[in-house]
Structures are given as structure tokens and as C-alpha cells.
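Each of the next two complexes has chain A plus one other chain: chain B in the first, chain C in the second.
Then we have the complex of A and B:
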């Protein structure tokens, strides 16, 4: 240790000092005010509009509305059930992924990542193909013809859709526990189970809680799977859509959406709190090259079987979607055919819209997120806390809520944005801002202050430092920010349904329409095409940025 | 002394409630290595960063070659810094890292190529121009950082713990190289370290800092043999601090009562009978014998560390603990636990104004 602790003190000075410093940087001030203005306009305004749209009296009478009560209890029931199972499955899966001696763990990881790149309803849709009225398994294998729509199926679908998030989060924590701790505990005489119970589990408990909260947020906000699989199991998100789609009842829809907001906010804040506590895991000195002790044989086989089945299920669900695209009539006539692709080609405009809107939203979210991160982290901007809060706020807002907000504010008659692609791009941009903002912040945090100081010391002024040091080093983070926003936007349905009109149709909405018309094979073809193009674009982005991918912050100490 | 090359006058810098640098004044002569030495958090790195211009001082002045610079941003100061973690730009090749400061100074391309090549040759880095800093060893990274700083020909070279990221063996070699490089270029250098051995070995002058203040400035020999106070004595080298009371002033010198018995030291002006003093005994000022003799003080060896060229004994003289070094000759070492010691009174220093 040296006196470096002093140089790591927070930026010096009082707010007054900061304000004066900022006046000397008019560009920063203008940019900061501009970003703040955009956030107020495109984040805060739509949210406030939804909450205040219905008169207060409507909120007071909610308790008398049987349908509202049913949707609310159903929603909480689904969140509780799905969170419990998805976290449990995710934990077991993570246990396998974190063991270097586990067979095929890289393949398992790849399969778990797959759902992150596909529209959120893909699992629900393929579940329909497997277990629906003419499902391969329910009808083909067991000859059943009963409808599987309802809460049980939705629970299964939510578990499968969301366990990968839990698995990846928990695996990070498990891998971060130093193997020496386990070895030390075993050395002191603990058996595998005792070590797991007394050392490993307590260390990853915050990560497990964080993962559960993350899953709960996703289940609470999910719209597409309940729409396809839920049947007559009304949830808040789907009910809000039915109010608008069926009755044109905006007031009723805002009441339902507004009901989603408090639990979503609470879960979101709790998750952030847990994540911030997670860092106590490693209190070790230098890294150790010690291998993790092997799992007991019985557990290893049990886990292998479990993970194999889970991964197999995911693969078969995806296979079902692809197979559907080449089938004449699903469950009835298995003749291979290309006719579905003819239908898919008629939806090419919608796929193109999806890609263009998502690409534009990716650029918007990345630029805005990076600029905001720079202001908050590097510039000690006076309103930095507020800017920070506004940038992450959309992550706490379910898509349905956000979509209704944009519908109320920007998609009404008389507003120039109504029915345009731009309104879709703006909604996707600001709903994805939290991701790009946090990725950019993490990227900036990797760039040690000394690099900027070194450039200044050698004669570079502010913009030169930004150009020479910050931009090249943050570029890889920008690529992942763009990719995240792009994938989220291409696959989005919950916002899109409230904003589509003739001119700005997107692929997810046409797929939903095809499923609704029971044209499952054509829906399969469009989904497959969308998946392929998305993966292609993401692959191209990574390939194009490969040269710029250096790892900053690994020099010296 | 000539007019100082770098002058610090009453410099102060606070971070919140912490006075990182408090009323520091220091003259730094041209062409020498001046080291800021002190424990963690003593303010030495803050002082270096004030000189580099990374933040303004709250009080005081900084002059380089007579001109005030404390209001100037780092870009306009003729200083160049080597960071503890080197801060090499990871996305630029070695050549571009070194050329960076020259490009900012709008030096013409051919001259940049020549100057970068020259400095890389001088530091033994030829052939690494196209390498990424990430591919280099710690020692090479350190020299690239040094090249990047030297190539802009700064008036003052600032080194912020440049050796602390190297392993022990390399550190000793590089510090010797660093001193030779500095000698051959005659570059005025300010070196920050918390390692007293490093400070003593590379510096022309050492400023010892504690809690934001400078406790003493002097040559390495001065601060080691005649430390200004107890803190400096203890921080630089190993110190046996023995309390004593002046019994008498005689023609032979100063007669003191101490836990080691009666000691007679060379005469010292200003000492008065009855005065309490602190005696600094360096480990090499104690001589050990395996047998009793006149004026030899009996002691017990508690433990011994073998350090290669010498043995370091931890001794007990009644209730008092001492550390003593014994040159190792391979044979003839004092065996057993009972030893007798004498004090080389010529190597003893009395700490001024200190009462034990």
C-alpha cells in the first residue's frame, strides 16, 4: 500500500464549487441540460401520464372491481410460483455451470443463453406447438386433445423462460467464490454437504436473492407468454391490453398498468439493494489456481441428468419452432413444405421495420446512455443523482406500462409522432436506456483515472482526452450496449402492441397475429426468420468490433 | 546552494476534513533526484500531483525555474509523470504511447519518429515499437512509461512509486538503472516512495513526510545518521531509541545514565545535567562479544534472523529490547544465548529536543 488511498477520495469540493467549475465548461452544461430534458420528456412524462390519467376516484373504487381483484391476485400468484421454480432450476443449473469438472458445461451455458436472443414469447409459442391441442407431445405422443391453456402451463413456460437469468446470475457468484475457501473448509473436516451448507451457500445467498428478484421482475412484467398461453387466466399486463384492444377503455387500462408499478418498483429497488451488497464475496488475497474439489458422484450424476433434461427441453422447444416453419399443418399433416416461407416473405416489411427500429433504438440508447454515464461518472454533474435515477427508472417500469404511457402522450391524434416509426424507436430507446447506461458506466469504471491524467500530463486537453482515451476504451462497452438494446427491441412485444399502426408494423406483432389466427406454421416461419436475422446482425456487430476489443484496466497493478 | 529549480512555498491541500498536504515548503535543486518519503497517506502522492497540476493547491505557490505554475493546468506545465500503475494507453502500441506527448506538442512526424526511436534505444526497448503494452513484462511497461515521460524533455520528471509494481529482485535492479539514467540525463527528478531502502539508495536528497508535513530534508546519510526527530529515526532504517538522563559533562564528553548502564558520548553543546534525552543507536553501532570484558554490557539473545551478509539479533538487556547487527563471516559467530555488548559511541546520535 502507498498513499494512493488519498487519491481515491471522492472528487473534492462542495456543490457550489462544482457549479462554478461547470460554468467554465459550457458544453458540458448544455449537454447535461439537454440529456436531462430528454429524460423528463421521454421517461418521466409518459410515466406520470399513466398514473394520473384515471381520476383518483377510480383508484378508490378498485376494490369493488372483481376482474381487477382477480387479475391482481393472479399476477402475484404467478410471480410467486414462477420465481420459486425458476430460481430453483436456475440454482441447480448454475451449480453445474460453475464446476470445471462438469461434462459439457460450455454447451449447457450456450443453451441457457439462447432464450436471451429470442422474442420473449418464443417459449410460450413453442410450448403451444409441443403441448397444444395438436401438440407433438400431448396429442402426438399421448393422444390427448385437451386444451393446455391456463395457469399451469403459464407457470411451466415462465419457469423455462426465466431460469436462464437466475442461472447466469448465480453462476457468476458461485464462480467468484474462491476455491480455497471450499478447500479450507474441507481441510478443517467438513463433508461436501456440510461445506456447501456452511460456506458456499451463505456466500452466494445474496446472489440467489438478487436472481430471484430479477426473475420476479421479468415474470411480473411479462406480457407475451400470458397472452399466448394464459388462456382465461387474466393478469394485470394482459388485462390492460384487452381493455384497450377490446373496449378502447384507456382509463381501465391505465388503472391495471398503474397497479403493476408499485410492486415492480419495490422489486427493482430490492434487486439493486441486493446487488450492491453482493460484493462481500471475495476477501482473499491473490487468486489461487487451486481446482474446485469434485462433486460427490451421486450428485454429479443427478445434476447431469437434470441439466441434460432441461437443456434438452429448451432445444426441443426451439427445434419445434424451426420444424413448424417447414410443416404443412402442425399435428395433422407432417408433409415437409416451403409454403410457410411464402407467408413469411409477405411479412418481410415487418421484419425490416423491426430491424431498422431496433437498430436505431440501439444507437439512440447507446449514445444517450454513454453521454449520461460520462456526465454522471466523470463530470460530477450537479444533478448527477437525478440523471442517474432517471436513466435507470425505465428498468423498473413494465413494458406494458411504458407502452401505454407512450400511447397516451405521443401516439394520440394531433401529435406528429403518432403512428410513425419514430415513436416506436423513441419508446425502445428510452426503455433500453438503463441497460446501455449501466454498461457504459461499467465500461467507464474500467478506465483508470490515471489514463486521463497521463494524457493531460502529456498535453492533451479535455476533448482530446475524450477522443483519444475514453472513446476508444469505451467502444467495446458501446457495442455490447447497442447489442443489448437491439435484441431487446427486435424481440419486444409489450411496448409494440400499443404503438403499432398500419405504417409501423413490427414482426413480433405479426407473429402474434398469426398465432391468434391459429396459423402456427406461418408464425413459426416468421419467428425463425426473425431469430436468424437477429443472430446475424448481432454476430456482424461483434465481428466488426473485434479489432477494438482490448481489455482496459489490466496494466500494472 | 544555487537558486532552487523547483520551489514549493507554504503549499496546502485538503480533501474534505483531511489535510493531505499542510504548509509544505521545499526547494528542489536542478539535476538531482529528490525523494518524497513517508508512510501510506502521508501526502507524498498528493504533493506530487499538485506539482503535476492534477488539482490546484488550496494555498501556497509552486515555481518551476522561477516561474509560478500553480494556476496552470497539467498540459501547460513542463513536468512529466510516471504513474505507479504506468497508465500506458492499452489501445495504443508502444510507439504511439511514447509518441503521444510529441503529437500533442505538434512535433513534425519525422522528428517524432526519430525522437521516439532514440528514447526507445536509450532505454533498451528497441524492437518493441509495434507491441501492445499488454504484451510487455512489468519491467518493460515501466520503461515504456519512463520513455513516454522523458521523450517530451520535461524540466521536471515526476515518478510516483514507479517501482512498487515490480517484483523484489527486479525492483533493486531497476532502481539502479533509474539512478544511472537520471545521472546521464541530469534530469531534475522528484521520486515518491514509501520504501526507505529505495529512498536511501536512489536519492540525492530525501524529504521525509508525515501527516501532510515535511519532517526533515537532507542527504540520505544525513537523515539516516542525524534524523531530526523520533519519527524520522524510526521510519528511516532500524532504530534503537534508548532513553537517557545527562549525569555530568566531563572532559571526556557527555556522561549519560541509561537502561544500558552508563554511556559516555562525545561532547555536545547545550546539554545540561539532569536533562532527559533520547539516544539513537543504529543496529550496526552495537558490537557483540561472546565473553565478558571491561565496559561490556551483558545481554540475552531472544532470537536471530539470518539475512545473508549479516545476522540480526533481537536482544534483551534486563527489561530493555535492542536490535543489533553482526556482520556474518561464516565462522566466529557468537554462539549461545548469553552475549556481551559495547556501544560504538562515535556512531550514536542524540535526538535534539526529545525527551523520552
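Then we have the complex of A and C:
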């Protein structure tokens, strides 16, 4: 009887049939409704709350504030500029990474993913240390004394922080193009450039477009770097924060955060429903063991130089942060000292909070993401499409927006979460849900249905199948999902800044405070400590999952 | 059951336990939202707990606006008892919105504290006074200003000397409170909105960059990004004592903030909160705040901080605080339209 019901379950296009089948599986029904309810409560409600907090009339008066108009145009300008450069740099970097004959590509890859594991403001912060008026490189090396705060530096910092996303996405696509196609084109007499232009490029074009949109979303939502390096260059995300920070004006802040939502949603939908659908599948029959033809020598040298410089820049920026932690007064008194570590030790509590909250959020996101992915994947639940949409929705919501939403919703009477660490854990959990959900779905998609059907024929219920068949197989994906959510949460500032309270301050927030107090060296020490502990945890997770591919995505600052 | 599933169960269990267990609280405590530096805050709370046996839980941030926002967001279920630090500019609007519990500390009468430092409706108590100053980077001043035969600036008007063109920094009034007080000060100092804005437009020619926060100017000056700037006295003195390269000038007709404490209406421990107000106005706390926070005390029996001229030497410019608070939205928009967006 159970086998009969289950064989009908995945039949698409028969909603009535599925609904009836569902009634015979109360566990699935309850779990499905539970997950749906949680998503409505913790994803949809905060979003609606922010959008409706300011009266509609306020939206009409947005244009009267000259500064906000400037913030809007600046935001779009920054997104356009940074996306273009980050995608270009990412593409060149990916070109190098995808070539097995390229010298030191593993090292290059390692350096490129470093920014993904550090707090989003690390690049901006060390850029200030290295290129400021008394910076090591600008002043010490070149004797320059130029002001660096402003849109130019922000552009550079956004390019450096975001090109790794583009590089990794494009590299995947480049590696997937079969060498046989290139070889065939060459045999037909095409030069390297002609082959690249007519064969390789068209194949990876959707990946490039997707990477660009992804970068655009991150730049749009980024909060920390403009705060540190942007100077007086108003952007929507930071302006929402200054509205609160300098004015105590929650209404204005929600208004600006809400303004950020439509462009974020458009970029997100474009990425998800337009570009991702256009990925070209190369039908090449049998796999080929053909080696990729080598790049022309001049190009190879050019790329080596370019990637070497980029990697060197990233390394030097990290060197700045670490060196700052051992300096008395940066740019003025270079005496090596350990005094900054005294300050760092007083912040140990905050680092512990960061780690605990992030670990808990990682567990929450992974469990919820996996269950939701299973429900959607198995088409076990009639509301699957809605569930799918709600699960990925937070990826389109800038951190600042999410933080304000949680601040508004969970400070009501009856919701006794306010001021507790749990609010932050929940915010991190749901903001990272899209990642864990996608990773789990990708993991499930690789498992052949025969396995589940076999278990079903043997009489296993759906969640028994999940537990005994699917979970062991997607365990590496779960570790990867956990790590992603963990890293994103530990390094998050945009949400934390709105939700910290007395007993639950987090490290990124105290680092921002130290930078605000002009104690850059102490800020370096705490950043270094946070970076080390994060890398340690990620290393442990990697070891535990026996080398599962662990690459986090960062949700805007 | 496989081994990995035990592992997974253990992780979930641990996560739930850790997520649910908050830090254990003291027997009786008050929750303080503090917009002041960490050292002073820690010392004050330690002293308070010693004296009263009441524990404290502090959320400390650099800017008062964040805390005011929180108090607004939490008005249905207030989490904190005390809002301290930040100028009266932040406390007064909260009081108007009915979020503050009126209280008059007996210490005000005992210590004969100047009534100018206490809200007429007893909404807030001022507990320190902080003035606006000019800061200079000595190295750049020597090389670029003194070498041109120009002496150290003494007044705000001295900053209009062409020698400072594009070499100064100041806070942006659209985003930081101190810069707004500076903007309003020019209106009162020069006797009219038109005159004030004319002066500010001249100053604009000297400004290389406006910073979104007031302490941000200190960073720019001490790192030599600019030759001089306008900011708060307390942050500047602190930076100077930390051996950052900064010279401080106290202009005679300057503006000031009255750093205030107010009790949040509906907070968990109003009685404890009142004790905190009394404590903060007491002689010991005032001396501590003056020593560690580098601000002027509100009590006349506590000495002003070292390194600064006494408050009586500084002619605080006539400042109509009510006008400034009521016109903030309008004046910052005007500043943005006539100055900020023209840059």
C-alpha cells in the first residue's frame, strides 16, 4: 500500500492526486506546513514590515531630498562601475585558473577565495592602511600623499572584494567547455583568438552574465566598505544607516532601505530566471581526455603578470591588517608592540558570540534548507513553487533591509526575542537560507531516483528515505551549506549592526566601533583574531567533510 | 543508525542548547544604552555596582542616534532603563514622543547644578558638556600654513583664510549631530540664517571632504589627509593623549553639546534607573567622567579636565537649542541643497 502511494507521488501535473497522497503522509504534511509557516514568519513578515513602515506619502516625497537623490544615482553609478571591472578582472583570472598548464593556479585560487572568508570590510579597511595618506604602499613606497577616501577608492575596493565571485563562477563554465570543441575549431584553421571568440566565449556568455548580476547584487547591498572607505559619498545602504546613526530616524531609514529593494529584486530575478535558464549544455557524447591546447605565449605571460599582481595586491592588503595589529600608531610610530592584543583580548567575548551565533545559524540554515530542498525536490508538497520562491527570496534582500526588518518585527510585546542573541541567530539563519537551500538542492539532484524508489518499494516512509538514503549522500553538501552560512554570519555587519545588544555584541560590530574611535591598530588585532578563528573553523569543516568543495557566497556586507 | 547521523543529531542538539541559553543575569540590574567611550562606561558601571549592588548591562555605541532609534523601535516593549550620552538634541525628541519617564534628581538641588543643564520638564539631566574645537595636523600646518606666514587659527573666521583652501574637513550635518550643531551655531553667531549660510558657503571652499561622522574628521587630520578640521573636544583630547599628531584650538565663540541622561518610560527597572541618574550626577562619577571622558562636568565643585581652558574662558556662543531642534530637518535639507549637492 505504501509502495503504491509512493510510486504515484512524483507524478507531475496531477495536483489532486498529489493532495490525496499527501493526506496519507501526515509527517510530510506537518513538516511542509511548518517550514512554510516559518518562512512566512521570518522572511515575508519582516520584508512587508519595512516596506509598509513609512506612510505611503513619504515615498512620494523621496524626490524632495537632494541628498537622497544623490545617494540613489551614486548607488547605480557604483554598481555599474564595480560590476564592469569586477567581472572583467574575474574573467581574466578565471581564464588563468581554467588552464591546467597555468603556473601556480592552485595558489592563485587560494588567494582569490581569501576575501570570501573575511569580514566584508577587511579589504576597505586595509586599503585605508596601505593606500591612505600615510599608507605603506602609497606613501612609504611611492612617496605619494593623496587623499583616498571617496568613490574612486570605493570602486577599487569593490572590484577587489567582488571579482572572486565572478572568477569562480566563470572558471566553472570555462572548465566545462570541452577541449574537443576548441581542438576541432583549431583543426578547421581558426587562430587562438578566432576560436576564443567564436567557440569559447559564446559558450560561457551566460555564466559571465550571471556572474555580473551576482556581483551587481553584492555591490548594491554592500554596507561596510562604503562606511569605511567611501568618505562623503552617499549611497542608499549607508544613508539608511546614517539616518538611524545620526538622526534616530527609523522612518527615513525604512524608506531608504525600501528604495534599495526593487533594484535588488530585479537583478536577482534577472539572474535567476533569465540568465540561469540560458546555460548552454554542451552535448559531446563521451567524455574526452584531450588536453586543452596551450595559450599563446604572449597571452600567457600577460595573464601571469596580471594574476600575479592581483594576487599580490590581495596578499598585501591582508598583510596590512596583520601588520597593523602589531603597530603602535600606524603611519606615525612604527614601533612593534603587543599592546593592541590587550584590546583584542577584551573583545574575546564578542568573538565568542560571533562564533556561537554563526554556528547556530549555520545549523539552522542547513537543517531548514535541507528539509525545504527535499520537499521541493521530491515534489512532495503542493506549495512547492511558493516554498522555493520564499527560500531564495532572502538572497535578493540587502542585509541592511533585513536587519531593519528584524529590528521592527521582533521588538513587539509578546515576541520576547528582542535584545537576545536568538534574534540575530534567526536573522542570520534566514538570510543564509537561499545558499543552504540551493546547495542541498544541487546535492539532491545528483542522486538517482532509483535509490529512493528502491527504498520505497522496501516500505520506507518518505522521511525514512531522507534519513537513510539521501542524507548520507548529501552529507558533504550539508557541511558545505553549514560552512557557507557560518562564514557569512561571522563576517556579517549589515544585519548585526541593527540587532546587537548588551550581552550579545559581535566582533564585526566592535571592530566597526574601534575604527570609528580611530583605533585602527586595535581594530586590526581583532580582525586578525576573527579571521584566524574563522579560517580554523572552516578548515575543520573541510577536513570533516573530507574535502567537499567549500566556497561561501557573501550576502552584501 | 549510521555514525554520521548521530553526529548530525549531536550538532543540532548543541546548536539548540547554545542558541537557547543566554548569559545568566545578575539578581537586580539595569540596562543602559550608552553613547560614550568604552573605558568611561566600564568604570562608571563598575563604580555604580560597587555602590548600589545593582548590576548593569550596557549596549555601547559611538553614536546616540542608533540608540534613540532602538528606543523608538522598542517603544511597545522597552528593553532598556537608561539612555545616556548623546546631546540633548537626541533626548528632547524622545521626550516629546512620550518615551521618557520624567524624574528630577535630588542631586540637582544638593549640588546646585546650573538649571541650564536640566530639562525644564525634568525629562533629562545633563551630565557633561562638550565643546566644538578646531584640530590641526602639526606637520602639515608647519609645512603648508605656518610657512606662508599665517599664525595658528584662534577663531572660526580664521579658517576662511585662503591658505586653508581645500585643506580642511568637517562633519556632514546631514549625517552627524555635531556638524548640525556647528551649522546652527553659525546662524546664531552671525545673527541670521542668511548670514550663517553665507559663512558656511565660504567655509565650503576650504573643505576638502565632509565626513559622515564627527570623529571621522580626527582620523583624517591625524593621518594628514587634511591640515585641519572641526570636531568635538573630547574625542580630540583623547586622540592627542594617545599620541596621535593633533593640535587642539578652542575657539572663543564655540558651540557645545549637553550630554544627557534620560530614563526610558516602561523600562524593566525604573527605580534602579533613578539611582543611576543620582549616581551619574554625584561628585565621584562626575570627576571620573571628566578625567576619562575629557568633557566639562556639570558640577561646579568638580575641576574641569586637564589640558583644556576652563569653561568660563570659553564663551559658548548664543545657541537657541529649541530653534535648532525644531528646524533640524529643514536646515539640513537646505544645507544639502545649497552646499552638499553643489560639490
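Criterion: the second predicted complex is superposed on the first by the 506 of 557 C-alpha atoms of A that agree within 3 Å, B and C clash if a C-alpha of one lies under 4 Å from a C-alpha of the other, contacts with A are read in each partner's own complex, and residues count from 1 in each chain.
FYI, contacts are C-beta pairs under 8 Å (C-beta built on N, C-alpha and C of every residue); 3 or more make two chains touch, one makes a residue touch a chain.
As the structure is a prediction and not an experimental result, all values here were calculated from the model.
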item	value
Chain B versus chain C as contact partner of A:190, first or second or both or neither	neither
Residues of chain A touched, compared between chain B and chain C (which is higher)	C
Touched partner set for A:459, first chain B, second chain C, both or neither	first
Which superposed partner A:472 touches (first chain B, second chain C, both, neither)	both
Chain B versus chain C as contact partner of A:383, first or second or both or neither	neither
Touched partner set for A:407, first chain B, second chain C, both or neither	second
Which superposed partner A:451 touches (first chain B, second chain C, both, neither)	first
On chain A, positions contacted by chain B and by chain C	472
For the chain A and chain C complex, residues of the former touching the latter	64-67, 69-70, 132-134, 145, 147-150, 227, 231-232, 234, 238-239, 242, 244-250, 253, 329, 331-333, 356, 359-360, 362-364, 367, 407-408, 411-413, 418-422, 425, 467, 471-472, 475, 478, 500-505, 513, 516-520
Touch list for chain A against partner chain B, complex	1-7, 9-10, 12, 448, 450-451, 453-461, 464, 468-469, 472-473, 548, 550-557
Chain A-facing residues of chain C, complex	2, 4-5, 8, 11-12, 14-16, 18-20, 22-23, 31-32, 37-38, 57-70, 72-74, 76-77, 79, 90, 93-94, 172, 174-177, 208-213, 215-216, 218-220, 222-226, 235, 239, 242-245, 333, 336-337, 340-341
Touching residues on chain B, where the partner in the complex is chain A	14-16, 18, 20, 38-46, 49, 52-55, 73-75, 79-81, 83-91, 100-101, 104-105, 132-134, 138, 141, 148, 152, 161, 164-165, 192-194
